[in-house]
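Given below, in the form of structure tokens, are the structures.
Both of the next two complexes hold chain A, though its partner changes from chain B to chain C.
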Partner chain A sequence: MANEPIKIRIKRQPGPGVASSWVDFEMPYRASMNVISCLMEIQRNPVDASGKPVDPVSWDCSCLEEVCGSCTMVINGRVRQSCSALVDNIRKERPGEPISLEPMTKFPVVRDLCVDRSRMFESLKKVKAWIPIDGTHDLGPGPRMNEVDRAESYKLSECMTCGCCVESCPNYNEDSKFIGPAAISQVVLFNSHPTGAMNAGERLDAIMGEGGITDCGNAQNCVNVCPKSIPLTTSIAKASRATSVRMITNLFDR
Partner chain B sequence: MLGFGRQRATVVVTTAPIRMNNDQRHFFYRKLHSLLGVLPLGGFIAEHFVSNAFILGGQKSYESAVGWLLNMPKPLLWTLEILTIAAPLLFHGVYGLIIARQAKNNTGNYSYARNRNFMLQRLTSFYLLVFIIYHVWSTRFTGHFTTNYTPDRIDQATGLIQSQQSIYYFMLEKLSGNWALGAVYFLGVASAAFHFGNGMWTFCIAWGITVGKKAQDNARVVFSGIGLALFALGTATVWHLVSTPNPFKV
Partner chain C sequence: MAEPRVAVIGGGLAGLMAAIRIAEKGGKVLLFSVVPVKRSHSVCAQGGINGAVNTKGEGDSVLQHFDDTVYGGDFLGDQPPIKAMTANAPRIIYLLDRMGVMFNRTPEGLLDFRRFGGTLYNRTAFAGATTGQQLLYALDEQVRRHEADGKVEKFENWEYLSSVIDDEGVARGIVAQNLSTMEIKAFACDATIIATGGPGRIFGKSTNSMICTGFAAASLYKQGAKYANGEFIQIHPTAIPGEDKLRLMSESARGEGGRVWVPKSSSDTRSPRQIPEAERWYFLEEKYPKYGNLVPRDIASREIHRVCYKLKLGIGGGAKVYLDLTHKPREVLNKKLGGILEIYEKFVGVDPREEPMQIFPAVHYSMGGLWVGYETKADGEMDMTHPKTHMTSIPGVYAAGEVDHLYHGANRLGANSLLSCIFSGDVAGPASVAYAKGLAKGADSVDKSIFDREVKRMQTEVDGIAARTGGENPFKIVDELGYMMLSECTIERYNAGLKTTRAKLDDLQARADRAIAGDSGKVANQSLRFAHQLPYLVQLAKVMVDGALARNESRGAHYKPDFEKRDDENWMATTLAQFDAKANGPSLSYVPVDARFIKPRPRTYGAPGN
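Up next, the complex of A and B:
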């Protein structure tokens, strides 16, 4: 089976809000291919498996080394990056069957495998996932962090907003306003930074409402699919602790 | 507006001292739903399973274990029942349904144990809702509790209570030899034990008690153990009632 032609089945959609359909493609095997190189092959020779010419397939990618997150799609039913999905490996998941490629299901499709992940960006804006240091005067050097906290923060900072976690999260869908685990984890990242902590309350307030921290149901898919192995469920529990404490102290401090 | 007539002071009456906006209300309801699941509901379920397991020791054992409840002055019993069972259960159940409706389960593609438990937590809640309505209706409202339980009617010579007055025989009459109803009860016991154990585990995350992975893994062991123990107790109780012949049956 090793050198057999590569069969790919792609869920295609010509534009936003229109019906999708599956189209089969086939191409000769070359060693060390990944899903992106297969898609490039289709772009060079846009014909379906029966030889009929079709529109080239659209997809997103940029870094090609699993750091930008833009190439994320659902491959063989599981969400992941297509640049690091190697044909030799993913063919073994469903022996004898074509590799299936679908756009992520939790975002509006722009075309074929391209989706619009604005909802994730909106969530980051909602939780103020930044540290406000812009001003008219020099604020001086930032405070130092201890090494343990720095190492933990570094892990959280690896998030590339790829969407794997929210794609796999049962509570993140068009019926819910859930901001998802990635944004919650960013709250933990920025609140644990000595300068970011000055706005910790605002970020906690942002997740203490509809779509916030309480909308996680602890299915823990997110932590299982995150390509950067970010400890999302630990972030969720930390944010839960901080918001629970805030709720209780609010009762007595106000 | 300035006028020539008499000026009247306007009295502003705040009718609601605590007014929450939508977001605060959402957060509060979710937290309340989570908290009520542990206290009082989780506590009650554990108590209920343990005291009912005294059925295994027969009539005397059971009736002395639950006697304090049955002998409680009625107004006190009703208040307790409403405050610690009925009201929390109603809120936890109805609000829980709203939460469950929002999930799009995906255990097909993401068949992790945690994801399956997430789905099971919701499935068991549907069964429990139906089962508990039946269970409460058939025992509390149309059953023994409505007849007058008077423990001084115990036959001093035999130590036994006559069928109509005995809560033990009331349950036996329902379940003895009735394997179909036994299965309904078994599913109820299994669902409740799972929902309890898994719910306690997620509660610990939702309140930030278990934060790290190790802590969450340890909590899983603890609550699986408690859940399994409750499951075993409940199953044995149901088994006893189904498999014991009813001596009053004609």
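Up next, the complex of A and C:
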């Protein structure tokens, strides 16, 4: 089967809020192709499997090395990056069947495989995912950190806001207000930084209450799909403990 | 005047740093980017960022960093800006540290530094193997903070198309297109900073991201901006050939003992481990017994190219050679090279610990870019706060980052780019605010017709393409462009080949000018967008080829076997290309390099690396 032509089914949608439909494509196989090179092939030769000319498929991509997060889509029913989805591997997942490509379902579709993930960036704003430095003027080095803590935090800092985790989360959808695991994990990242810790309370407040951490049903889907192996459920547990403590202190402060 | 409004085009390291500085100075930022800024190409950088912090007690200094950079650039770089950049590098690294970048630490909890090419010092700060990503995120977070405060307004998924230039030749704003709705619109602003990154796409496939097209720079060049040193393109010797992209394979693979070889016969179809030692050709080790596989980047790239194209001895006759680590124990490889070997494994589907990697040089970085000026103070140092510093030749438009030409001369040292991007944003941001504050009248009081006519010019171009039928597919044409540029305008350049290529580019220009979108979509029409960009990319390719053709010497990344020596008497000069509408191509002129601090000397590198 290795050199057989590649068959792909793509869920297409010409614009926001209109109906979608499946279109079949077929193209010659070349060694080491990934899903992106298949989509590029459609750009060069926009015809469907029957040879009928169609509009080329729209999708997002940039780095092509699984570090920018742009190209996330649902491939063979599983959310992941299309640049690191190699044809040889994904064809094995469903032998004899076409590769299926769909846009993520938790975000508004712009066109075809392009979705609008601005909600995730808004969440980062909500939880104040930054270190509040005094300014860019020269104030010397930052705080010292021990390498063990640094390595722990580094894992969390690799989140590329790709959306896989929220796509897989049963509690995150267009109707719910749940902020999602990626943003909660960022709270843990910034609250563990020596300077960031000075504003830890603000970030915790942002994930308490409606749409906050208590909306997590602990289904663990998120941690299993994160391409960067970010320990999301560990972050959620940490944040959960911290918010409980804060709830009690807030109570006494009143 | 009210608060100055600055349009920052691009949210890579350079654009984000500029945005932060403008916000701090009380300006209002309109930040445009074709992707959410967090997805900018800067995320790809792995290695690190240079700064002479001297934490290892080696006696490193900012002046040594300055000298290494000038020498590494083969004395084509103007020295005052390089001096300023290297002097500010420790401050910039500390700033990033304060912003929360998870830089690797020493046992004492201080920033750790590692070795990189072109220097003998441990001068490169790094955050795991994802330094660019970590730096970009830190700046992205700071910009988000200013956005929450209302000082920055983001226009993500918007593409800069052109500048609005009034009848006095002063830029008064920009025209941009919403890539979802395809709406084209003008934005009035007192100053503009172009921070749109490199032009890798002109070469078809490169180590760059897909969005690194060079379009914004080409558009401004067509509007009259000078483009400098276009012929200087860095080729990295070891990249992973791919269907869609040439992913970088870090130099550290050779640092840890990786050996480059090809089968002695190109018709040898055995799997590499089946090929006995006697039938392998370790061509780098043979030709350079002293440095072996660790010869400098330009030499390694040239040798691999020669073996594949001139001697036709690439693997199976193709353009690939082996980079072999299989003689090293698995545990050692995992410990020292884990990250990069995983990239190879993930994308090629082959375990490089078991089977030699197949690699080939790839276009990596553009030293050239939009020409920007700088002012100096009485002592000869760059005046970092002067409104003309970092301005392009169009008043009111600045450039920063890979898209400017200022810091790397004829060859960039590894880990100096993350530095130059951040430093140039750090300078261009405040300079643009100083310029805006000094304007007699702000962009708001400019007649509306000036904006309307530029919107109309762009709308007409785009509508023309959408309505066109019968032309060629732009993605096929760019494949041809890439092939042409790769074969004649990269590692080895010959005047005959460059002349033929130049003639072919004229032909390609005519075809690109007639390319069709072939997409009737009303939203997110990516083919229409690319068909619009393509003719501009061909224009920029002509700048690169003409620059290379004219420069009859060898310097840094520009190598002509027929002119093997550096010629300081005739060519210690910056190439300036300006668009000539009659010729539909560049007209070239030259200005001498500002070498006021360090006298040129022969570039003889003993040391491996770079």
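Criterion: the second predicted complex is superposed on the first by the 247 of 254 C-alpha atoms of A that agree within 3 Å, B and C clash if a C-alpha of one lies under 4 Å from a C-alpha of the other, contacts with A are read in each partner's own complex, and residues count from 1 in each chain.
Definition applied: a contact is a pair of C-beta atoms (placed from the backbone, for glycine too) under 8 Å apart; a residue touches a chain by one contact, two chains touch by 3 or more.
Being a predicted model, the structure only gives us computed values, none of them experimental.
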Fit-or-clash call for chain B and chain C when the two complexes are aligned on chain A: fit
Partner chain(s) touched by A:210 [first = chain B, second = chain C, both, neither]: first
First (chain B), second (chain C), both or neither touched by A:14: second
Touched partner set for A:83, first chain B, second chain C, both or neither: second
Angle at the Cα centre of chain A, taken between the Cα centres of chain B and chain C once the superposition is applied, in steps of 10 degrees: 160
Winner by number of chain A residues touched, once chain B and chain C are compared: C
Partner chain in contact with A:135 - chain B first, chain C second, else both or neither: second
Minimum distance between Cα atoms of chain B and chain C in the superposition (Å): 20
Complex contact set, residues of chain A against chain B: 77-78, 168, 170-171, 173, 175-176, 208-210, 212, 214-221, 224-225, 231, 233-234, 236-245, 247
Complex interface listing, chain A residues touching chain C: 14-16, 30, 32-34, 36-37, 40, 43-46, 53, 55-56, 58, 60-70, 83-84, 86, 88-89, 110-112, 114, 116-118, 121, 124-125, 128-133, 135-136, 138-142, 144-147, 150, 153-154, 157-158, 160-161, 190, 193, 195-196
Of chain C, residues touching chain A in the complex: 20-21, 24, 35-36, 38-41, 43-44, 91, 94-95, 97-100, 102-111, 127-128, 130, 133-134, 137-138, 141-142, 144-145, 147-148, 156, 180, 209-211, 242-245, 247, 343, 346-349, 426, 473, 475-476, 479, 518-527
Residues of chain B that touch chain A when the two form their complex: 22-24, 26-28, 30-31, 34, 99, 101-106, 108-110, 112, 114-115, 117-119, 121, 201-202, 205-213, 216
